[in-house]
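Take this structure, written in structure tokens, and hold onto it; I'll ask about it next.
Per-chain residue numbering starts at 1, and chain names A, B, C and D are given in the order in which the chains are listed.
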Amino acid sequence: MAKLYFKYGAMNSSKSAQALITKFNYEEQGMAVWLIKPAADTRYGREEITSRVGLSQKADVIEESTDILERFRDREREFFDVIIADESQFFTPAQIEQLREIVDLYHVPVICFGLRTDFQTHLFPGSARLLELADSISEIKTICACGNKAIVNARLDDDGNVITEGAQVVLGGNDRYVAMCHSCWKKAIARGKEGR
Amino acid sequence: MAKLYFKYGAMNSSKSAQALITKFNYEEQGMAVWLIKPAADTRYGREEITSRVGLSQKADVIEESTDILERFRDREREFFDVIIADESQFFTPAQIEQLREIVDLYHVPVICFGLRTDFQTHLFPGSARLLELADSISEIKTICACGNKAIVNARLDDDGNVITEGAQVVLGGNDRYVAMCHSCWKKAIARGKEGR
Amino acid sequence: MAKLYFKYGAMNSSKSAQALITKFNYEEQGMAVWLIKPAADTRYGREEITSRVGLSQKADVIEESTDILERFRDREREFFDVIIADESQFFTPAQIEQLREIVDLYHVPVICFGLRTDFQTHLFPGSARLLELADSISEIKTICACGNKAIVNARLDDDGNVITEGAQVVLGGNDRYVAMCHSCWKKAIARGKEGR
Amino acid sequence: MAKLYFKYGAMNSSKSAQALITKFNYEEQGMAVWLIKPAADTRYGREEITSRVGLSQKADVIEESTDILERFRDREREFFDVIIADESQFFTPAQIEQLREIVDLYHVPVICFGLRTDFQTHLFPGSARLLELADSISEIKTICACGNKAIVNARLDDDGNVITEGAQVVLGGNDRYVAMCHSCWKKAIARGKEGR
């Protein structure tokens, strides 16, 4: 049975590297991979999936208005055996449903990498729909500076303070993100509120 | 590190049995378990966690208005080493945050069993917050009648047709639920719409 | 694809309960389960799979000389859709290979529950072959009295001291087993050697 | 609790890439990683861990006679917070026990990547001891050319026929390895025996 996979991880957990390695493994077995990413992700130039560990590949950029099922059925299906997506939290819920349909109708595996939650510990619309519809949910783990597993994507201002207010996505912003365990994140917020 | 666990599964995947077995294992090592469930679950009598496989135990019923952190801090903390919750999808988001705080502040493991999604493949408020805040997310698997893994909780009417409209929770209703894979669920809906 | 599963766990991790619950779930979907156990396991009477949590079922007892593939092909195949085995560490390596063949030739899932290691942290012959041939290896977790995960099956004498010498399997013996984390096990051995 | 991890995978499942990415993630959190490999692995030059996906790092080469616990205690402990090992199947059982001791005594996580089995589906001595002593066992998955998960490391001769006789490790040999699912591997052997 082909499956819809959601492989979620915190910031800097090597999700893009995992996407590119998975592509490499499929290709080595002679399969053709449709590598995609949502247009909302504009880091590193629009058409690249780039991992800080030192890997990079060109990907097909999916606009918010694209019907992925239609596009796959009418065009990509001829060429590809498997779909790998990075930054999947930025797909619309409708696009996740289209990926689900591709799995069910064409028996093509769809492997989505992405963030689970934003800087306020809320699901992104795309990750929420993936958590609802995926056949397989697994975590790409990374660690907090304390050594425990990191699960929160903390947004930091220029002074390194944790920010808890603001828009879910800040395009072109200067904010930095750090993966933290929940306990360290709460402590960092408390320190900020006490004026440090 | 104590963790917040979310062990999700479809209808009839033996979540309650797993909750009771986990309690048994902890108790055998000399630890005391606070077994809880939300008041919204009224099956089998309010105060029981019952598995169709043949296991049953009395649980503490948590009202929607209860602050679980407060109650744990002020009363249960003296007695219990670990918290096990069934039907966790019916906790409020605020209550999930209280369970998260118990893990962080008192280093007590909290193990939540529950449904991932409702009959329309949408997250319950409690399961959404658990998927956002849990340190560990794992699936209690069960199978569809076709042999594949089941992930959808199909609601059936008296004639066995899949229903896709209605309230998320129907208290005292006669509807039945069947766990299905996504593909069989879509086919069942399509059959219903064609008048079978 | 049907798979060969090995679900291993330490003593008292509820392996038998998991086997019986898995059987229940398959049967509820209308599938027939061939429930088997090796003759070497003589606890609770030869023909029962019994969990201390309060579940019990009659199982087919497989003698050491039985060719499981032959028996399945010639007789059981007519009746059963899935095979569930308890105490799988006591199957011979040849029998594990026969179960592997059943998966490959008849596309019947085989789900083996069993111990990973003996009281000296060495694999049983059956679990070694399962760890070599299984498509899916997963752990049924339980805890040490210290709260960490237990992985060692400590054998205790009448005075509660950890024993590290002796036969792998002691039939009819009075020894007790306790699941421990590796660190607590080493400490318990050291204490014993110091004459405590 | 620090843990001993065994992350096993078939040939070409990107184990070395995973080892290097894990190192990257730890270092990004300010931790120092002792990257090691057994001397028996002589591919790509003795001192490199290299992944075909395009990553490479220098590693500390551990001779078969080295007591890793002694070396860690006397020298490396000052510098390193975590140990990451590649090609761990080539460590001796005694060396795996030394890594286990490092976890227990110094609370330093040890993450071992390696093959599960050889070309005849038998455990390597190092992987057997890891499967006995690891706190956490997980699979780095890859696929067979048929699309199913690969679990067997098939050795091929110059004509591409599957070989099932020979030494476990052939140093400097020309044999190639291909990861296959068990069913395809058996079929390939059968084809070879039929003179195809």
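Just so we're on the same page, contacts are C-beta pairs under 8 Å (C-beta built on N, C-alpha and C of every residue); 3 or more make two chains touch, one makes a residue touch a chain.
Given the structure is predicted, the values throughout are model-derived calculations rather than measurements.
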Could you tell me the least number of steps, going only between chains that touch, from subunit B to subunit D?
-> 2
Far-end chain from subunit A, centres as C-alpha averages = C
Write down the chain pair in A-D, C-D or A-B that repeats the interface of B-C; the criterion is over half of the contact pairs matching by residue number.
-> A-D
Please work out the Cα centroid separation of subunit A and subunit C, and write it as a whole number of Å.
-> 39
Whole-Å separation of chain centres (CA-atom averages), subunit C against subunit D = 27
Residues of subunit D touching at least two other chains = 1
If each chain is a dot and touching chains are joined, what shape do you get: line, ring, star, complete or other?
-> ring
Contacting chain pairs, sorted by label, are A-B, A-D, B-C, C-D
Contacts from subunit B onto subunit A in the complex sit at residues 1, 4, 100, 103-104, 116-117, 121-123, 128, 131-135, 137, 139, 148-149, 151, 181-183, 186
Sites on subunit D touched by subunit A in the complex = 12-14, 17-18, 20-21, 24-26, 28-31, 52-55, 81, 142-145, 147
